Amino acid sequence: MWHLITAPILLPMLTALLIMLPPIHYSPVRRRWLSIISSAIQLVLVATLLLKVQQDGAVHYAVGNWQAPFGIILVADTLSMVMVCLTSFLAFGAICYGSAGDDEKGSFFHPLFQFQVMGINGAFLTGDLFNMFVFFEVLLIASYALLIHAGGKNKTKAALHYVILNLTGSAIFLFALAVLYGTLGTLNIVDMAAKVALLPAADVMLVKSGGLMLIIVFALKAAVLPLQFWLPATYSSASAPVAALFAVMTKIGVYALLRVYTTIFGAEAGALSGMAGSWLLPVGLATIVLGSIGVIASNDFRKLVANLVLVSVGTLVSLVALQTELTAAAAIYYTVHSTLVAAALFLIADLIANQRGKAGDRLVSGRRVSQPVLLGIMFMVGAMTVAGLPPFSGFIGKLMLLQAVAEPSSKLLLWSIVLVCSLLVIVGLSRAGSTLFWRVSGSDAGEGKAAPLQVFAVCWLLIASPLLVIFAGPFTELSQHAAAQLYPSGANAVSRHALAPELEVVP
Amino acid sequence: MTLLWILLLPMLGSLIPIITAKRQRSACALATAVAPAVALVLLVLNAKPIFAGETLRFFYAWVPLLGLDITIHLDGLAFLFSLLILGIGLLIILYARYYLSERDSMPRFYAYLMLFMTAMLGIVLSGNLLQLWLFWELTSISSFLLISFWWHKPEARRGARMALTVTAAGGLALLAAFLLIGEIVGSYDLQQVLLSVDLIKQHSWYPILLVLFLLGCFTKSAQFPFHFWLPNAMTAPTPVSAYLHSATMVKAGIFLLARFYPVLSGSELWFVLVSVTGLITLLVGAYLALFKHDLKGLLAYSTISHLGLITLLFGMGTDLAAVAGIFHIINHATFKASLFMAAGIIDHESGSRDMRKLNGLWQFMPITATLAMVAAAAMAGVPLLNGFLSKEMFFGETLNQQLLGSLSWVIPVLATLAGVFSVAYSLRFIHDVFFNGQPKGLSKTPKEPPRYMRVPVEFLVALCILVGIFPVYLIGDLLDAAALAVLAGDVPEYSLAIWHGFNLPLLMSALALLGGTLIYVYRKHLFEFQNTLPDVDALNSFERGVKQFAARCHRFYQWLDNGSLQRYMTLVLLSFVVLAGLPLLDLATLWGGRQELPIDAVNATGAAMLLIAAFATVLWHRKRLIALLMISVVGLMVSIAFTRFSAPDLALTQLSVEVVTIILLMLALFFLPHKTPKQSESSRVVRDLSIASMVGVVVGSLSYALMTRPFTSISDFFIANAKTGGGGTNVVNVILVDFRGFDTLGEITVLGIASLGIFKLLTRIPLFKPSSDGEGRPWALQRNSLLLSTVAQSLLPLAIMVSIYIFFRGHNMPGGGFIAGLITAVAIILQYIAQGVDWVKERMNVEYQRVVAIGLMIALLTGAGSWLFNRPFLTSWFAHFNVPLLGDIELASAIAFDLGVYITVVGSTLLILANLGKMTTSHRPVHKEAI
Amino acid sequence: MLDNVIMLVFVMISIALLLNVWSLLRGPSLPDRILALDTMYINSIALIILYGLLMASPLYFEAALLIAMLGFVSTVAVCKFLLRGDIIE
Amino acid sequence: METLFASCIGFLTFCGVFLMLRGRTFPVMLGLTMLSYAVNLFIFASGRLTLRGAVVLGTTEHYADPLPQALVLTAIVIGFAMTAFLVILAIRARADLGNDHVDGKLPDADGMKRESR
Amino acid sequence: MQHWLEWVIAFFLLLGGSFVLIGSIGLARMPDFFMRLHGPTKATTLGMGGILLGSILFFSLTGVVSLHELLITIFLLITAPISAHMLIKAALHHKLAAIEKTQGMNNIPPAQTKTHDRNSQ
Amino acid sequence: MRFKPKYRWLPAPYRSVTLFIVWLLLNQSVEVAQLCFALVLAILLPLLTSRFREPQPLILKPVLAIRYMLLVLADIITANAQVAVLILGPKRRLNPAFVRVPLDLKHDLPITILASTVSMTPGTVSAEIYPDITLIESGAPMPQRWLLIHVLNMTDEAELIASIKQRYEAPLKEIFQC
């Protein structure tokens, strides 16, 4: 049964390989359906796993039957399973959207997509820091390739920046890993935590240096100021299904921050405990502000959505920086919500752009969209969700994060920034919406209708928003459960930690 | 549960218009009306306990973690408001049926309206602060939709956005206030909050909380200085104005003042903020109303003024004032709704709302005119109408307050002044529209509206009169119940009688009537004076402001994010220097106490060569091919360093990767300029040099600090278990294919993906094909060399044999699938170099991406094979067999895994290089001459 | 004795390598530099074989073999680049 | 020896970083390659330097740390894949954008607008 | 190991080392490209041959017979002429100047006309 | 002169022999298992790569071939010593020259071997092989080719040409029977 933990990694890989080989390879239809069906199966599997993990507690899977810390272990605790579920849910929607025709605009769309899912899931599941690096690279290289899908100058240009920056990031990741290995002598995250607790004084500053280096790596992935510059161009130039999938990529950085800085540099880390917070809080908040300014400043809708991603990243990083169980819980809920809505908005932006003639998604007057009601409703739901307006999931997220901040000075900062910036977001979105839908030039509507599969995909992602509200009770509890595993209380917490190898469940 | 249905019915009702969209208009309207009608009945059925002072509640735990529950809290205040919302809502539905033209989408309108009704009901019925906020924001959204109903008009879009911006801002402030309250009280339950008066008022957060709360109320209720959005919301269809901007939405802020009156009022701050705001709003609204030529504009400002009046009442802090406030809410709703509807009828039937065009309508629509006049009289506070009663109470209360200390007399004076203007604009409404000569330039001849369009007006006007005459019988209980809720039990004695004898308030009323008439008569002078003042168009200024702000944001964003990778890189690197470097400053000494190895001459030479070559690369980076040669030396030296320091596997890998990389860079160089123009300014070079040296110093120091520290790691386990557990003596290789085989699987996946990505990049690439090299020398015409071709052919089997050798020994000796794969790939690339793409393709027509897939598949399936034995993924297996003659043969799953690696590497490398090579094969200048 | 001889040969090869670097830096033409690099590859083989002797370990052989193979390929590739620009055509 | 080794790593990093800060794709690629060398040596050094310690069982008394070597191998392979992608991407950028500047546009020739100040 | 065997090994190593060095000296010292090209041939042939022979003897005499160094020698003997050939082709293509007293410059075929192209055979 | 191999499963017998030996050299072992493996590879690899091999004349006189190899080895040793002196001696005494040698050999493999031999023996480097332009124009099927050689220190051009043709080319013609 527990072999299933590998499914989120191996199933996409297998799918990708099958798609690359005959007899699937030759037929676009077969490629599509294999990809879609595999994603659906994956979703079912991970949902089952999540429930099981919820019931039975965290599970550890020793790849190659080598126990931690010597081998690589996969960890399925609530947090990682939530992230994997989120990815699978998102991927299914994005695949469906892509299968409506975008996949044929370049080669290897489906294999690359599946590889990227593989990388993302791997990054979430692994309990080994170097293995995390490897999966980061898997997802990155797949993202590079997907970014240039369908071609075009903008994509090439964005890709160049994106690739070079991330290569630098990877180099820093390796420096950090080497420093941590060279001082702690291990690569397993929990084992690192155990070693940090017993660190000789002479090595403390070295470990700190390595730990802080990781901040750069993860902050670059998460797109936190001043390392966020790659994001707007990248996300806004990627083709729609790709951009939708990319919505989860920044969250990997956030996830890694959460994971590493609660486990390795958690409460037991002595002098190094909580060292990330003071660095992350100001940049997180600044990112929110910058993202909101970007929302106002954007000239096209995709850029606007990309800046919305920045806002959510800033919010998440600020929450992570506060390093309490409550903020972590809020961050987890907010991650799920913001990822899905950002993805949906990227797809909606594409639909709008397709229907507005030459104007595309630029915020200027253009032809009327040919499906105003459908797109209008989609836009409204998406915009309200992302702006944190009730009754959609954004407001639960907002309530949760505002409530989670306990310490007065950070409360003042975070509240005022979050609230003022949500106003900016509302202003920006209402401006964008009224321009896109209402500032019509010419009498006839644009051509092109959304394909049924595209509509389905957008609805699939959007439906999450009301569901996250209706079942907000269970969902918030799930988030809290996941957060509680990150902040185990009591003595000897490291060993009782969710990632602890002692809890090994291996067949 | 009935309580929940009051809320749920309109909610579900918002779907009905969409379902019945295809039906006739009347059917659609009727169907839409069903849900609120039933809800109204349900509400009224609960009247008895409410009038008895009870509070009905419904509770459902929704999000316990957040304190967000579904709680319906029906008390007198909620009852009163629900009654207004549902009652007037029903009238609006009827009215809108006739108001909307054929071109307007009625289902959309009704859907929005019902949505709005739900939101409003949600606010007034909420028993949970967060739930209340939810509905509060919903009103902003639905009003946005309603105001922008005619979205093709620019001013409708802008007005809607402005309204949304202002109310949303208030909403966010309100949220903050509620969250603070929730944290103070420890619960978001309304009842709980209402019981925690002292807790809240004595808390240090109270002032900020109150300000935030009032921001929410004032923005929604269009209080000065947030009043400007309301007149611009008049671009909405008139039923919307009648409903939202007179009876309901703008009252939400007032409702909130009333709702939280028991807990938040009674402080100095409350009095000052609320009453002063109310007073200014009252005056400003009344004054400005007079000058509006647009009928709806006049009504909008009058609404602002009346809302100010109510706010002032709640600000005064006396119980009686609060009662008067509640009373005026009811009265204002009735007369203002009917006035808006009348204005709508006039607009609808005459085609204009401009009072300069509208004149003498009395003769065309006498019934409507009468209704409008009665309602306007009520607004002016003419006796025997409901407006008079509450205004009288208001005047009375202004006399009873001591808000401003010795200056308190200012308030009644200003109140009277406001009354004066109120009378004046009411008069204008009556006189300027229905009398005052003949209509000018109307597009159509005015006439009475359809019968049923007038019914709502008639009903409301009747109420104005009836309440004006029989206040106690009609609304006594209602007002009592509401006051009970607002005042939390201590309802003062008050009298709703028409006649209280000659007293000061009566005098003020009389003064107002008289003064108003005078002002109206001499309005010309006032108009002239007003015309000399600069015309402030809120909509345009708002729009301009937003645009300017957006432009400024845009400029800032562009300034920050100028699209320069160098800037981004600089920031990344500086972050690195700061974050990685700062801890090192705290290090007493870099040296960690471990004895250094001695330096010998050879190593020093190697290091010198490395440094020289690296430096030369930098120095000559603009002469690209030379730089390439230099970096080859660096690579070679790194490989030799690996050899020297006991890492033969690394040396082998580095060497083979090195060559492929150089070939790749050379391929790239063909398509790129061969020289870099000098571009960097010297200041920039200095800057980059300093950044680079900082990074270099940090990295170098770190590595020195690491190397000189004593060290224990998990590696002893690998050395101890490589042979017994992994079946190989080359520990590095066993780590790669066994202990950490999962990394390797990921790593070859990266390689495979990279090759796919490169294939994508090369598809339909519009290449530059330079016809000469960097110095302008044309390329040699001879494609291949005889000697090279001949030797390359002979080397291929040899190289493949070497790679097989390297492959098989990998598990026990330096080598392995990756290196073997690269050797094979390089051997095949040599064929490409020596013979050309076509030649190779003739002999080996393989789709390399398939090779990649097969390789990865082998690795994957090898890993999955362990499931058959119920072992975790990638669990290795090996066994020794003693075969006669051949001796001891080892079979290991690791070999199958390594085979996957090998095939993937061969496939990827060739996919990358051969595809790139293919790009140029055609259209190259080749010597065509025979032989 | 042998160790001393090995060290002596080491020194000779080191000097040779340094001379190669010198040639590489001096050029003056590209073929000159490529020639210097090619020579450097060959001298490195000698260096590595000597390491093997010094350590009395056979583990260095493959590295030497590989340099021989790969150095050849890269020299050929660079020459082809000079001649034709495109090395795989 | 460690001092020398660390200096080499530091210097390689310096060179790599400086090249990565150049404005054209080719020097950036060179820089990246150089930085990869530095990274690989750095990881390798995290296992400490060992002479005569190749980790082949039975060939020596005291072994070098095999794990960093395995990590470097993985890093080399991944670095190779990434470099390859970047190289081709640079070609693509030249083809699509008409120049080899990392920003896809040449800074103004006459220096009117100074590049990324 | 016997003493004289050590001497033999030392001889081969020294022979190899010297020729490696001489080759590089030639490379550094010769006045034009074509003459410089001759130097490294020494390193490849006799230089490497000597060192590899030394290595073969050393390992064969200390442990099992070790002949695989021969492979490197053979390989170098096959490839070095080709490298040299390619280099000189490149040099001719670049029209590198030979020192003045070089004889037979007219023997160099003018570029691009009298070349031999295998592909068109 | 023969191009076609005797057996189809053994397209290049000398290549197979070489590979067999190389495998044993690589593994430094003559165990039965390795011998078997070497045999398999020696047959399999030439078959696998046969498509990558253009037809070349076969060595028909193996004994001569071995003799030729020993001759070249001896020449390398003696010539190396001579040239070392030239390199270390004063530069001005050197008389470099380009010399062209008319080739009787017509096939790629023998020409390659000849050119390599010339390059390997110090003092001379094969620079270029090019066809005689006059013969191209006359339309001969297998025109004569020239071998361009760079000589470090030329004393007598005619003697050099004669020595190459006689010492190396002649045996090669013999070996390949062409």
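Per-chain numbering from 1; labels A, B, C, D, E and F assigned in written order.
Definition applied: contacts are C-beta pairs under 8 Å (C-beta built on N, C-alpha and C of every residue); 3 or more make two chains touch, one makes a residue touch a chain.
What you see is a predicted model, and the numbers here were worked out from it, not measured in a lab.
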| item | value |
| --- | --- |
| Steps needed, at fewest, to go from chain D to chain E via touching chains | 2 |
| Chain D and chain B - chains in contact with each | A, C |
| Taking each chain's C-alpha mean as its centre, the one farthest from chain E | B |
| Pair exhibiting more inter-chain C-beta contacts, A-B or C-E | A-B |
| Euclidean distance of C-alpha centroids - chain B vs chain C, Å | 61 |
| Chain centre separation (chain A, chain E; CA means) in Å | 58 |
| Mean-CA-position distance for chain E and chain B (Å) | 70 |
| Where chain E and chain F are represented by their mean Cα positions, the distance between them in whole Å | 15 |
| Contacts with two or more other chains, residues of chain E listed in rising order | 18, 25, 37, 39, 66, 68, 71, 75, 78-82, 85-86, 88-89, 93-94, 115-116, 118 |
| Per-residue overlap in chain A, given as positions that touch at least 2 other chains | 130, 134, 137, 141, 144-145, 148, 160-161, 164, 168, 175, 178-179, 181-182, 187 |
| Residue list for chain B, restricted to those that touch at least two other chains | 563, 565, 567, 569, 573, 628, 644, 648, 667, 669, 699, 702-703, 706-707, 711, 713-715, 718, 739-740, 743, 747, 750, 753-754, 757, 761, 780, 782-783, 786-789, 791, 794, 798, 802, 813-814, 836, 916, 929-931 |
| Contacting chain pairs - touch in the sense defined above | A-B, A-D, B-C, B-D, B-E, B-F, C-D, C-E, E-F |
| Contacting residues of chain D [partner chain C, same complex] | 52, 54, 56, 59-60 |
| Residues on chain A engaged by chain D in the complex (per definition of touch) | 130, 134, 137, 141, 144-145, 148, 152-153, 156-157, 159-161, 163-164, 167-168, 170-171, 174-175, 177-179, 181-182, 187 |
| Interface residues, chain C side, partner chain E - complex | 1-2, 5-6, 8-9, 12-13, 15-17, 19-20, 22-23, 26, 29-32, 34-36, 38-39, 42-43, 45-46, 49-50, 52-53, 56, 58, 61, 64-65, 68-69, 72, 75-76, 79-80, 82-83 |
| Chain B partner contacts - residues on chain C that touch it in the complex | 10-11, 14, 17-18, 21, 24-25, 27, 30, 33-34, 37, 40-41, 44, 47-48, 51, 59-60, 62-63, 65-67, 69-71, 73-74, 76-78, 80-89 |
| Residues of chain B touching chain C in the complex | 601-602, 605, 608-609, 612-613, 616, 625-626, 628-630, 632-633, 636, 639-640, 643-644, 648, 651-652, 655-656, 658-659, 662-663, 666-667, 669-670, 770, 773, 779-780, 782-783, 788, 799, 802, 806, 813-815, 819, 823, 826, 829-830, 832-834, 836-837, 913-914, 916-918, 920-921, 924 |
